[in-house]
Amino acid sequence: MNNKIAIFPGSFDPPTNGHLNIIIRALNLFPKIMVAVTNNLNKNHWFSLEERINFLEEITKNLKNVQILSFSGLLANYVKEKKIFIIIRGLRIVSDFEYELQMATINKKLNNDIETIFLIPDYSYSFLTSALIRELALLESDISNFIPKCIEKELKERAFLIKKKNLKVCKK
Amino acid sequence: MNNKIAIFPGSFDPPTNGHLNIIIRALNLFPKIMVAVTNNLNKNHWFSLEERINFLEEITKNLKNVQILSFSGLLANYVKEKKIFIIIRGLRIVSDFEYELQMATINKKLNNDIETIFLIPDYSYSFLTSALIRELALLESDISNFIPKCIEKELKERAFLIKKKNLKVCKK
Amino acid sequence: MNNKIAIFPGSFDPPTNGHLNIIIRALNLFPKIMVAVTNNLNKNHWFSLEERINFLEEITKNLKNVQILSFSGLLANYVKEKKIFIIIRGLRIVSDFEYELQMATINKKLNNDIETIFLIPDYSYSFLTSALIRELALLESDISNFIPKCIEKELKERAFLIKKKNLKVCKK
Amino acid sequence: MNNKIAIFPGSFDPPTNGHLNIIIRALNLFPKIMVAVTNNLNKNHWFSLEERINFLEEITKNLKNVQILSFSGLLANYVKEKKIFIIIRGLRIVSDFEYELQMATINKKLNNDIETIFLIPDYSYSFLTSALIRELALLESDISNFIPKCIEKELKERAFLIKKKNLKVCKK
Amino acid sequence: MNNKIAIFPGSFDPPTNGHLNIIIRALNLFPKIMVAVTNNLNKNHWFSLEERINFLEEITKNLKNVQILSFSGLLANYVKEKKIFIIIRGLRIVSDFEYELQMATINKKLNNDIETIFLIPDYSYSFLTSALIRELALLESDISNFIPKCIEKELKERAFLIKKKNLKVCKK
Amino acid sequence: MNNKIAIFPGSFDPPTNGHLNIIIRALNLFPKIMVAVTNNLNKNHWFSLEERINFLEEITKNLKNVQILSFSGLLANYVKEKKIFIIIRGLRIVSDFEYELQMATINKKLNNDIETIFLIPDYSYSFLTSALIRELALLESDISNFIPKCIEKELKERAFLIKKKNLKVCKK
């Protein structure tokens, strides 16, 4: 079994400093980390799959042994096909925990070889989620401490566009 | 950094099938697992340090790459001295989670190189704790599904002795 | 008071093996179980009220003393009108628990005769929710262990249709 | 299967208004309720088994279909022997919930016929535990709203004795 | 620092008896309470900003030292501009708690002078949320105990309109 | 009502940097803070009441408007007698939250004028409890970041004495 490669799946819409922290820590544990962006057509994203992949490539360009890729469909099937058996997930809070427990159990049921391991991000990132970052961007908050520099500008512009569109709808 | 060895600390009083499950799964992730029994003089145990080490050696005798040892004092110091940087912990329920979050944070503060990773035991073990097993033994419950065969008999005898002692005290 | 009949309300979109497990266990407690499908026009369902009723009738056809029906409006009013006083709910995880506590309290406030009782589904179903099953179906996961055989095919077809519709929308 | 009788186990040290509330509500669900006091020699109680049984008999003397009894050993064995299959438990808060989930699972494992059902006590009792009542009594708090009248006086006297004993110890 | 004024932010869609309870209790702590209604164009509300402000003015008209106002954008920025440093929030349940912890932390990060204090509403309001009240109104439940009298009629009418609109959509 | 004074109760065995953080923040909210050390004869403490008061006086000597005192018996009675109506508590984690909810409810029941307000300590202190600090001291951990300088030495000496005593007991 090729247990040296671990996969870190997520929607990364957009990637945060918390995601980056998990990637760096995972590199201390396993020789190679594949960051896998979900390509889920049924969910609304702020950033396209391509944009999210570009963000991740940009922020990990100085890290060795990181590969960015995307997958669609079921994670349990994807890792089977790729012969990867280690899934990495970040755990922040109790509400996270129950969802992650549920997903780890279902993945184990669907593919018994899968091992999900959980890392706890540094305390200063423990409140960070992509959803929170998007909400802060809509509210024109300073977000410079929460996301990598290269994503900040694009996130602000996206927030501006999204607000403009909504305003129009409301004016009808 | 020697990141190939992971340590699985605990009091193992006694080891359960849930502990064994975590050890086996950790072996799929890392080439060597050190099971470290806490030698904490300030806590009451049912089994002596030596007994607990013997139990673990017995139940892992067919597993390669497992080493049983003991440590006293602070885990963060012990792993520093041994140059081990990966701590493995099992996560079962929400109440576990907050305590483990607290310990992982404190260990990280005391030794920034430490990475604590969490594994979720198989669902059939998710209710198992050594404390529960001891309570069931006191109540003369069937415990054959919860602990390795070789520990079952000794646990029953210990429970019998502990009950006898308490009864005497009450009769005074 | 006719306290022999208990009602098991839900949206059952679709029914899972976990729902069936609760129904069977409730039949050991009460002589008759009414499974009540919510007819809530303000929520989006994958399956129509009729389809959900048909599913439940199909999977309970060999069980005596089960009646499938639907209700609209407030559960507290419906049970008052029907002179049923026992509501059965499944409890899986902590997040469930707080919501259920809230609903049981509000139902008790609205109709003091109501008693809500909670059953815990078998461990192998504890991660199952209709929402999870729908998500797995969209991802083309194997779902044969999670829902009754007769629902599996229809769920797959529905997932296919829903994905096709979304894809079209995205292609515009 | 004699599923008409339900058992409500506990240590009842002492019984509170919250316990009484659960007993009364359980009587609306099942024709007979057996209140089973644990006789556990390994735990310290404020009140002897006999005292706790007397308290329960006193406070339920006007309720039909309630029987007070005691049991030692494992609940799962006791109910098997008595051919009772319904265990009733009160659920107040999240921390309760995880413990109860664990016990319901273990009881089901030890005796598959057992069904544990959970009732939520009235909101005004949701903070009540015997341990809290004992602590309040030690602090000479007014406890008249929390426990039945006939227990209040005896609890105050017991608290007084316990404090006196501790004070002596401290004066040595 | 003008620490005498505290702000109680929320969407109040609509205000409930629970909100009123928090306002009254906060007035025992601080000489002046500003109730700040979020004007968030990206969220769907049942009631317009103007309506929600009117509701709050109506239900607090007999309370001294309460001011109703609205704000858009980030709360942390708004309080900085207004030189208010005390944010009041109600805490009901565990799920609330983690979200509030997250928001209090982020607000503190964005503006270190901010102090968020939490009040626990009276037990009889602990299950009340605006979302629950709206759902009950849609189901034509009696809501007279949960919201101030003057809001009840308007909420019922709004629920009626919302249901009619949805029904039309469904009939297409 | 003298609502300007707030009380911060606790056992402070010993005080930590987290306690100090709450005291400092409370001083931004209220003109005077009384830190009230519980004098509870039924609990085992590492430090005597006098020592704990001395610690608090030492670490708050440069803060204006802080008074250190002790109380025995019920907090709800003590604050009534002292005509203080504001209790301050720190909230760190979910497990804290449920206990604090319970205590705030009981205090409100015993004395309706009491208002308990909760502050969340800075993130870097969110894992700190006196119990954890004592455990770390026993394990000879570096604790310099967790407790005020002037307490550190005394805590280490106390830990040494406690360990010596336990060792003797074990050698018998």
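Think of it as A, B, C, D, E and F in the order they're written, each chain with its own count starting at 1.
Criterion: a contact is a pair of C-beta atoms (placed from the backbone, for glycine too) under 8 Å apart; a residue touches a chain by one contact, two chains touch by 3 or more.
Small disclaimer: the values here were computed from a predicted structure and weren't measured.
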Between chain C and chain D, what's the gap in Å when you average each chain's C-alpha atoms? 33
Give the residues of chain D that touch two or more other chains, as numbers and ranges in rising order. 94-95, 98, 101, 105, 123
Mapping chain-to-chain touches, which pattern fits: line, ring, star, complete or other? other
Pairs of chains found to touch, sorted by chain label: A-B, A-C, A-E, A-F, B-C, B-D, B-F, C-D, C-E, D-E, D-F, E-F
Residue ranges of chain F touching chain A (in the complex, touch as defined): 94, 123-124, 126
Listed in rising order, chain A residues that touch chain B in their complex are 1, 3, 25, 28-29, 85-86, 91, 94, 97-98, 101, 104-105, 108, 115-120, 122-123
Residues on chain B engaged by chain D in the complex (per definition of touch): 93-95, 127, 132, 136, 138-142, 145, 162-163, 166-167, 170
Chain D contact footprint on chain F (complex, rising order): 41-42, 73-74, 76-77, 94-95, 98, 101-102, 105-106, 109-110
